[in-house]
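Next come two complexes, and both contain chain A; in the first it sits with chain B, in the second with chain C.
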Partner chain A sequence: MSDDNGGSHLRLLVIDDEPIVGKRLKQLFTKMGLGVETFTNPVPAMEAMERCPFDIVVTDLKMNGMNGMEVLKRVKDINPEAKVVIITGYAQLDTASEAFRRGVFDFIAKPFRLDELKRVIVKAMSGTLLARRQK
Partner chain B sequence: MVGGIRLPGDVFLLEIIKGIKKIFAGGKAGGDVLAHPPAAVMFERFKDVLDCNNRALEIIADLGEKLSGDYIFDNQYIYDSMKALEDAVLQSVHALNTLCGNRYQELYGIYDRLTAHLHIVMAGREDRDGPMVIDLADISQAHSVMVGGKNAHLAQIQKDLQLKVPEGFVITTKAYHDLMDHNDLRKDLDAFESAMDDLNVDAEAIESLRERLERGVAAARPSSAFMLELEEKLNAMKALLGPEVMLAIRSSAQEEDMDFSFAGQFHTVLNVPPDSAAVFQAYLAVAASLFGKKAVRYRLRVFPGEGHMSIAAGCYRMIDSKTSGIVYTVDPADPAGDAMLVVSSWGQGQAVVEGRTSVDTFYLKKAAPHTIVEQKIQAKDTGLYLKKGGGLEARDVPEGLTGKPSLTHEQLGRLAAKALQLENYYRRPQDVEWAIDGKGDIYILQSRPLVISDAAAQQVSLAKALKNYELIVADMGSVAQQGIGAGPVYIVDTSQDLEGFPDGGVLVSRRDSSHFIRVMHKASAIVTEVGTPVSHMATLCREFQVPCLVNVEGILSMVENGMEITIDAEDRQIYKGRVPELLAFKTAVNLNVAAAKEFRILKRLLDTVSSLKLVDPLMDNFVPEACETYHDVLRFVHEKAVGELVEMGRDDRRLLKDYRALPLELPIPAGILVIDIGGGIKPDVQDDKVHLAAIASMPFRALLDGMLTPGIWRTGAANIGFGDFITSIVNVPADAVCGQYSGHNIAIISRDYLNLSLRFGYHFNIIDAYCSDIARDNHIYFRFLGGATDITKRSRRARLIAMILEASGFNVGSKGDIVTGRSGNMPKAEIMRTLDILGRVVGFTRQLDVQMYSDEQVDRYAGAFLSGDYNIMDRG
Partner chain C sequence: MSLLFLPRTIYGKLILSFSAIFVLSGFAALAAIYSLYSVEGKIGLIESFYGISQKILEVRSYEKNFLLYENRDELVSAMDKLEDVRAIISGRSSQDAINHFVDRGDTKLCLTELDTYSGLMRQLTGPGYDKDGMNNLKVKLREAGHAFMNCTMGLDSAAKEHIAKDVRRYKAVAFVLVILILPMCAFMGIILANWIMTPLRNIRRSVAQVMKGDISSIPVESTKKICVECAELIDALNKMLQTISDKHQQFMQTEKLVALGKVTAGIAHEINNPLNNISLTAEMLMEDLSGMDCDERRSMIRDIVVQVDRAREIVRNLLDFSRPRKPSVWVKVDLRDLLNNTLAFLKNQVRLSGADIKIDIPETPVITMGNPSQLQQVFVNIILNALQAMDGSGALGLKVFLRAGEDRAVVEISDTGPGIPPEVREHIFEPFFTTKSDGTGLGLSVSYGIIKEHKGDISVSSGPGGGTTFRVELPLWYELDRHE
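Coming up: the complex of A and B.
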């Protein structure tokens, strides 16, 4: 449990129709120094993305209104640099190859340990921060 | 068949033999010996049972792990896992029946019943099935949904903690659903629930529906069947407590007091006369409050997307309280501190919780003797008291009490101790409502989680704070149940030690045991040197939510009794002393996790799957009908499968016909014939004898190592009066008169299995052991019976064996001169160690009965054996 990973300017968007996911992830990543916003509905989430792009997006794959693959496409349209992590349900990994073609940063399958997601996000953060420094 | 055992007068022994006959006869009338499959086939079938059991237990363990709070999972996961579990349990039942000639057909019916119930749980319809009213004393885990959280807690508090709660009964959610149907409210209710199911429901849009339901329930009519039952309960209360008894009708919604407090969301009606019309009216007010505006808003906030919630009501004796109030077991303003908070006033507590009166406030040290840190005594001119005929009224407090503290030191101490018991039991800080009556008795009216905001708990940077504490153990052991716990160390060696287990203690033991269940409601954590996260104990830990680390090497040498430690069974750390920051932090975090819908369904499913009621095979209730959960079924199947193997070695004639038995060459005259059913003997052995070095069976090697321990095997046996009978075992033919056991000493072995029948003239040992890499598959079964001397001496030896076995971690049963010991669910190394001890026991006690001329020797010999002093036999 490190208190700061130097990511204080990075913004994270969480979209999952199960409120507990957003709630848990907000708690976890706020402590790591990220600015976190959570949505249970992907439509307003994309509106928020358009207003002020996020650096990292964690989205559920199966949702009403818009699925995770569409979210991936919209996010990449708005901010090609954004890292998108897709949460898949139990045994839904078959969509992986298509998602990788479309530039997904990583997948994580439910059920997962919070630690596993944390590792993925830290990896995404360091990539983003490195890219910024190089600019 | 077992040859030549006939002891006229020894009825018990005859019973045993009859039992064995029955087993060999496959339960058929007439008792003929059925064609038994060859030993190797039996063993293969036994392993099939283990495989199925394993698959099922792994799924249960996996589901249980998800409850630990460190995972995110969804409904699909639960659904798929449950389907796989159903299949595995069914196959397990099937495998047992294949092993033992379909003797356990009734398990299929039990399986069907349990599975049907799980489907009801998964569909979230548990609240519609069961009694309309139920006595508080009759409430069990199975009723927890239909009586609501608050009542379920009161029942537990009374049953498990033996704290005083008011007498009463519960009007269940089944009655609520019947009421809705009886009053044609079902359609509105369905519409309301499905609207509430929608995550993005607009509270305004369902306002008219909500109002209609609230009004409809408030004006509902009862069914005559319900009124009859209600009257019956009220009459019983009047008969028990006198006709002047008055009642409190308190709400208890499904999730109330479980993970959320719902403080003040629902209605309570106090001081109601005990007639059915009045109680029903009060009940309607309570039930209607489920649809109250503020309660619905609260639900939308804490349970978004969950429309299904029903309400029960507790009908309790109204306590005429002299003093009442609340205890917070943690000061919410300082969750990391070591103080608890008590607020009290004269009269009824309603005034306190609603903030309607001046109160006294006490801050007490959490640690006994709960010294007062600070107190604020206010002038309390009025209090709420029971009004004649019903309801409450504000009255002047009795003369002279206004400025006096409303609690004495002695009362504060008692209250604090009870509140801490509750905190321990529910494993999180509690908000406890209590009352003290005219006799000075303390009643617990309610205990619910004290909600501490995340912000308060996370004020301090945890990582930084933790650096200030000394680590005893870092990154060691495996997590059996995640969580944080702190308290004084209490070391448990034998199950007797559990007697003195203190509230809030940390149980430290060499290995895990399902016996610990007896103190789990008191333990703040469990740490063991050996053990596995998939043992029965680990499952029980999850059920009781006891933080638990197993396989913490050397822990016994790092702690001592009474030493305060904090266990972080998540990051696998153990700290010296209390780490309040950690405890406060975890409290807040856990609350959020428990809130998820999936989490609650999974918890409920696991309640009906994984708890183990069928713990002790030595008890009379170890029968199929007593299985209440899948876990019980699996436990039963495993035990019976082992039982089937145990008896296999006794049919020596059959074995010798089926197999080539090789004599084992040993430096002691034990006369053992070896039958290898797979990998038990090294492949290059060509001889017609087996040398010790050629034994590849791990359990057999371990047992022989024990038997061959220097000093264990005495050869001088002259005292017994008929010579060295060791050598006679194989040679002397069956003697039907003197009770000597005949037949052969046969060891059926494979690489990881041993079944040994040892007949030593007048007594008989059976050892059955399986020892694989999967800890939960492993078992040791030991049976000892008989002897040549009189029953008193024989019983002394049996007692001695029982004592040694118990000290070695066996679950022991004994009757006269028969001792059975069971152990298992342990890693391979521990099984081997235990078999070594068993080998010594067999050797040590072989001729001991003739020497047991006084009771005093039993303790002395057991003590000597356990300290490695085997020469005591020569000294006498």
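Coming up: the complex of A and C.
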């Protein structure tokens, strides 16, 4: 990974077909110093991921074209270190446990509080930074 | 006027008619019995005459013996017998049959003949006649005997003639009775059939009207006066109609709840999304209110308002769909709005299914008359079936158009699923027919009922290579109006 922000600059990908989610998360996490990109369609998002892998991915579960589980798989294929957080409007227990089996970092039900998401993202960030420092 | 005293029950009418028939036939039977009795009496008369002629023959044979052998004892016996005969003819014997014959002139004549005959016999039994006197008397005796016999034979045939006349009369009476009673019975039969059949026929007509949907219950008022049982029958039928319609109502409600259950995931998703947007935006505002400029704040607040509208719309749709409605609430419905609402209601379901959607709806309003929530239920059912049939990917087509030349709107909903094989197709509108493990088999049967109630048609076509198109036809509003 080649970035000029001293290695602490992490990249966050947000995929949700609700544009407002992208807008708000971009506002929030840009302020926290992350490089944020948002997509409403998972297909171009995956293309972007392939061009330049993200460290943290926040994705909706149910979307047109590709669902969150597939996104999880693709992301892990491209960057096994990436932390994937799935947010969903309708959480079913079996999809949640399936997601954890596939190595999801966390699973959050909509509507969620900002603090909740922030805590998860901060945890993911520190995990990534720790791993990177150890390397 | 006699109609005023008609009994009001079928039972009463039957009793009345049977009593009338009983009286008539009783009358006929009495007449027959009377004729039989009198004929029997006349037969007694013939028997008496037979007895008389028998006795007279005996007398004459005594007379002949006397004439041959001049034995006076024979004459005594003959005279005894003659007295018997006299007793019978003069009516002194107990045989009534002959009595009313006694008064007749020819009977009296015969009695004088008898007197002459027996007088001669008495003379002959007396002593002392010379040969000529004797012969003279003998000749007279034979003549008198002959005359008397002829006279009684005349009586006999007169009696026979009399009887034959009676029998002829009875025959005529019987004939007249038949002529009278037959048409009377036929007439009564017709009246009776009418009394009973008219209210029943009325009921049948009303039932046909109910089935056509012109009326909702069978009118009872006019029947109450002429047929109590029919009124009771109508009451029972009306109660049954009510029960059926209640059941139908329950059925539709059940079906709706089942359909609703199928879309809960979609609905939860659909409501949680705007809620999430609202909460995210509000929290962002709170966190960084001072750091934003006015425009940014305003745009975020507008986001919140829009998302609230969106959630409200979803809830309204949901309530519209699930709320039970009286079937009689008919309003003008623009099929375009109805279908757009339906799609909004199912938007997430469509999205989850991964199907593409192709919509072809005209620019101009397509107005029909009906119950919007029921019509929506139909389209929800068909679209859910189509999505379930495609399972994963495919294209859902929705087309609305007016049928050229006819005042009907057509809604076609097509899918690219596996299609419906012919042996399944003939059953899909039956209640509880389903090929799905979690199906109820109610969707299409309820839809069929609703569309029929709206005087429309629902049909399905399915190509051999797959794909199914459901076609719903509904009369346009102004056509209904013109027919009113």
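Simple rule for what comes next: the second predicted complex is superposed on the first by the 122 of 135 C-alpha atoms of A that agree within 3 Å, B and C clash if a C-alpha of one lies under 4 Å from a C-alpha of the other, contacts with A are read in each partner's own complex, and residues count from 1 in each chain.
Methods note: a contact is a pair of C-beta atoms (placed from the backbone, for glycine too) under 8 Å apart; a residue touches a chain by one contact, two chains touch by 3 or more.
Just so it is clear, the structure is predicted and the values come from calculations on it, not from any experiment.
For the composite obtained by superposing both complexes on chain A, the positions of chain B and chain C are in clash. In the superposition on chain A, contact is made by A:20 with both chain B and chain C. In the superposition on chain A, contact of A:41 is made with chain B only, not with chain C. By the document's definition of touching, neither partner reaches A:130: not chain B, not chain C. By the touch criterion defined above, A:110 lies against chain B and chain C together after alignment on the C-alpha atoms of chain A. In the superposed model, A:89 makes contact with both chain B and chain C. Within the three-chain superposition, the chain B stretch that clashes with chain C turns out to be 74-82, the only such case among 38-46, 56-64, 74-82 or 740-748.
On chain A, the surface patch touched by chain B in one complex and by chain C in the other comprises residues 18, 20-21, 24, 27, 31, 87, 89-90, 110-114.
For chain C in complex with chain A, the residues that touch the partner chain are 265-266, 268-273, 275-281, 283-284, 287-288, 303, 307, 348, 351-352, 354. Of all the residues in chain B, the ones that touch chain A in their complex are 66, 70-74, 76-77, 80, 199-200, 304-305, 454, 458, 461-464, 589, 592-593, 595-599. Here chain A touches chain C in the complex through residues 18, 20-21, 24-25, 27-28, 31, 62-64, 87-90, 92, 109-114, going by the rule given at the top. In the complex of the two chains, the chain A residues touching chain B come out as 1-3, 17-21, 23-24, 27, 31, 40-41, 87, 89-91, 110-115, 117.
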